[in-house]
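Some structures to go through are shown next.
Heads up, the next two complexes both have chain A, just with different partners, chain B and then chain C.
Showing the complex of A and B:
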């Protein structure tokens, strides 16, 4: 079982990476030519506002004091103030996060539900038409830019068939609704799903393709192992061998790569949100860059970076459950 | 050549036996020829606007445009909507966009941007990643920890997110390279320059080096105690010499396989950045897809055609990558490197 020492080490490692992430984000504001105030302040900021920003972030102090102020603010979960939108960055991020989570989780579900059976079937029927079809699908899938796929899906299913709304999140009484709202008001589920469907498929396709390829190569490798032959000769039904023994072992490398590729999913979400005018973190980030709203950009980078570390820690937990050898160290 | 005779034999054998590598070679060849010879092949200047030719559909389709104009009817100003049907012509085989620019010419010229950014971006990633990985793996211990932890931090930011933030900070500088065909006087100056999005090349390299560093590190770790490395060290060869003469050449195959996959990844990344309008060049497939967004219901081809071009290019490079991987079997998982 997972030992306490292992968990403690994993946690310590996570803390160090989180610290490094926030430090990199802090240093980014000094990487541009010109003064820090011009990077952080909006383009049309008045001298008074610039002075106020410099005061709030201790920009006139030496670097280590600025850094201490920055870390102190972060520890109090204060992500600063958006000088363009004139609200706190934390509030802005909190209002957008549920939409991005909806999208990312839905896409992951799409990917897992399609990719794992497809990868297993493709591997067990190697060099048959089924395998070729699955392989070609996954190869085209990882070659397709998701912003274009999204537009094509809109063209076919929204403009052409009229099955789904063209873009935008589901709303009720003018408010954007997410999974949490649906839990409280199940009658909204239908509307929520029709709005979520195309973006989720758009974001999920690349991931589905990737996962299919990984599952296939993992299962192919496992099927050649001698224990599979032993199980077969003992008369176990092929379905049990495939899904209980082979898949379980094949998933170990799949899960690791999957954790690393979560960044791809979040990056894809940024673009997908842009295509579908989705009300999430990705749209917020792009808008903030266009508006030169550095505090919001910084907040997005921190939330995404830290989110990545947390999710990877969870993935590692799953990993240790799948492969008992890992926790033995 | 960077491949040993044995790997070359393995590559040839896989190419002969399997269908997909053959397809990959053909498609990639077409892509390279299209990009190199764009001025010879393109029927029009890809940047010339001909408003009276706008929104022509590709051959085999017909398009419709709605034009609203104000007219004086019975002493009153009224808005009149006229729908005209536009037919395809062979002058513009793939049709034209909203400004009357020839789509075929734009697709051919767009291949230059994609390929250049893909290849140069991968080169930048390799220049940073390979030495870092080799040093980390060869020395091990603290150096390894420090270098690879910094890599972990890079991985925490999705490459697209980091790229977008960096481009936002540094702006979009471009480099204008004179078009050799025009310089030599073989073709008239269509666009006289190839506009290379310089910041984007650096940024995509900067956000993708970690994948190459990881592979290089793994190889160097295995090679650090190889007999010939130990032998070289025992006769007093410097680490620098050993890394360059013994470790790098033996680690090259898996690095090249991953680098090929990286080219595909970076082409996708460039197209995404161009779609968002963050590259500083407008002669790019991703940018063209974004131009057609508002025309989805009237002129589907403006988004669809450049998108097909992206899929074509990335698919071709991925086929080549799969071919290298299958032939050389460097133990890289199907997808070792980030995505858009």
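Showing the complex of A and C:
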């Protein structure tokens, strides 16, 4: 279904978009008032540090040479140095990205696992108590602010019931662990999951509610199509009709929103990360902005941008599986 | 001949925002094994609603509110259950939904009007036919008595099928059978066609594919709802002769629904004419064309252009069919306000009565047992005019 040409074209698009992102980020340095060095250096930077920054950015060179140096560094995955944390930006991102991915993917899985069956059930039992319960849930889920939901979940399930830790990521030997560590050491899975559960539910609730609504309305629309009657006329079990035909056709808008939301989750889970003292990309970005740690801001923006591009490419790949018209174009 | 289906006083209603619609009103007819029964009438006369009632596919707003549909299925008749049984016949209207579904495809199949929208656009044509084959294969693998109570396919196996690409609902043999079926209905290069999506088919080819899907489960009754209406005239003839051919081969019974008397003339053994939800006349095809009793049937026949005669066709029926909401239906004969032979007798609603000597010809009209009497004639269209003035 997915042709090599299609993949090559998508990859080409992706490269162009990533190039545009890194270029905009580069130009942002010069869009702020004052010299580039004052933009990049921390507020309390010493003159020696400022001189070092100027040297590293080859500020005495013309702009296009600086730009070429910058791109060259990026190609070598050199994202610069965090003067506030006194470590390389690459290292900082490498420690934070797994945490963010854990949370974003867990929230998405929560959303998919709950929202899609709920949306289908709700649509196939339109105007029954089940449907009203599902639609009420999605209304409440969409309207509940994350910080409030997070605190309530902590109060009830951590402080009250004591089922889950109050906050923070799972640690082993003082080191924060993520899904990758769990792959190598499966005995950590339980601890990892209990730490992940509440943040994932908090982050996933809005997402679940949104997807439930989308799935329901998509399935309701598809159920009225004539082909459903044809499939029923050949005696197919309702579950096959609903999940192999109706849902598949209703999924295109769902997958679109799923991709966009997952992209947002990578950079925008700041509130949930704060409530649960989660060491993710969102809180790193906000801290870096507060500290004027420009190289870190730049690194975060690039990672978030690249994340969006990758997710969109995957979404396009899924389209070709869902809708034959896409791959035939 | 043995009967396959006996509809007795079948009545169906649709609940709409404007009230209840009397879509099918006390309709009775019999379909014999191997015969072709034509159901004719203008749009909104209740033909499709009758077929959907038989198939158990009425939309959510529609319900069968009265009458019975006796279908000959000895196996199910011998199975204890809450359904009504009469000899080898089972009343479809009393069957639970699962048992009803187990009959679809394998006993009662349907072909729809618009082939373009009747296939899932995102699945290959072959896979959709293969699924119909699969249903029949799974059904014949176990006795109907257990089938009627349990799902043939559960959520667990569905999830497994979806996650493992090597598994799917359909087996390899079903796929091969689907290709054979496509070949059977005259689709060239069936193996390649089976892998294509509906958008890559023409309307006529897709209608052939839909017939393949309908006969995939080896049904005994095929409900063909306006199968040629959406097609070009030349293609129409091909589809009808394909249906004839399949019927001769397999001996299945066909209920052919159409607004076109020309279609039933060439295809059907007997015909029922529907008007405003009622079956107003039914007769063997020759009798209906030679000696129609109901003035509506006569009107329909005179509206068919005849190339053999030079006579000017009689004026077509004036006025429109009555609305089918409860408050719109007149107390007397539903056709009276358009009827050129309406009499004072028509103020009472007519019963369905046999026509003279034969019980195979009947009509819901006072003219079955008396001749038109001009002295008692109602002003033609009087009721209709009054209604319009009122508005």
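Keep this in mind: the second predicted complex is superposed on the first by the 327 of 329 C-alpha atoms of A that agree within 3 Å, B and C clash if a C-alpha of one lies under 4 Å from a C-alpha of the other, contacts with A are read in each partner's own complex, and residues count from 1 in each chain.
Going forward, contacts are C-beta pairs under 8 Å (C-beta built on N, C-alpha and C of every residue); 3 or more make two chains touch, one makes a residue touch a chain.
Just so it is clear, the model here is predicted, and its values are computed rather than measured.
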- Task: Overlay done on chain A, so just call it for chain B and chain C: clash or fit.
- Result: fit
- With both structures superposed on the shared chain, find the angle between the C-alpha centres of chain B and chain C as seen from the C-alpha centre of chain A, to the nearest 10 degrees. 90
- Message: For A:185, using the defined touch cut-off, is the partner it touches chain B, chain C, both, or neither? Pick first, second, both or neither.
- Response: neither
- Message: Quick one: is A:243 in contact with chain B, with chain C, with both, or with neither? Answer first, second, both or neither.
- Response: second
- Message: Quick check for you: in the superposed arrangement, does A:304 touch first (chain B), second (chain C), both or neither?
- Response: first
- Task: Give the label of whichever partner, chain B or chain C, reaches more residues of chain A.
- Result: B
- Query: Which partner does A:314 contact after superposing on A: first (chain B), second (chain C), both, neither?
  - Reply: neither
- Query: Once the shared chain is lined up, is A:232 touching chain B (first), chain C (second), both, or neither of them?
  - Reply: second
- Minimum Cα separation, chain C to chain B, after superposition on A (Å): 11
- What residues on chain A touch chain C, complex-wise? 126, 225-227, 229-240, 243-245, 248-249, 322-325
- Task: Report the residues of chain C in contact with chain A in the complex, numbered from low to high.
- Result: 55, 57, 60, 101-106, 109-110, 112, 114, 117-123, 128, 131-132, 135-136, 139, 151-155, 158, 162, 169, 197, 199, 210, 213-214, 216-217
- Spell out the part of chain A that touches chain B in their complex, as residue ranges. 16-17, 20-21, 24, 28, 31-32, 39, 139-140, 142-148, 151-152, 154-155, 159, 206, 210, 213-214, 216-217, 253, 257, 260-261, 263-268, 270-271, 274, 285-286, 289, 292, 297, 300-301, 304-306, 308-309
- Message: Under the stated contact criterion, what part of chain B meets chain A in this complex?
- Response: 20, 149-150, 152-153, 155-162, 164-165, 167-170, 264, 268, 271-272, 275-276, 278, 286, 289-290, 292-293, 296-297, 300, 303-304, 306-307, 310-311, 314-315, 318-319, 322, 333-336, 338-340
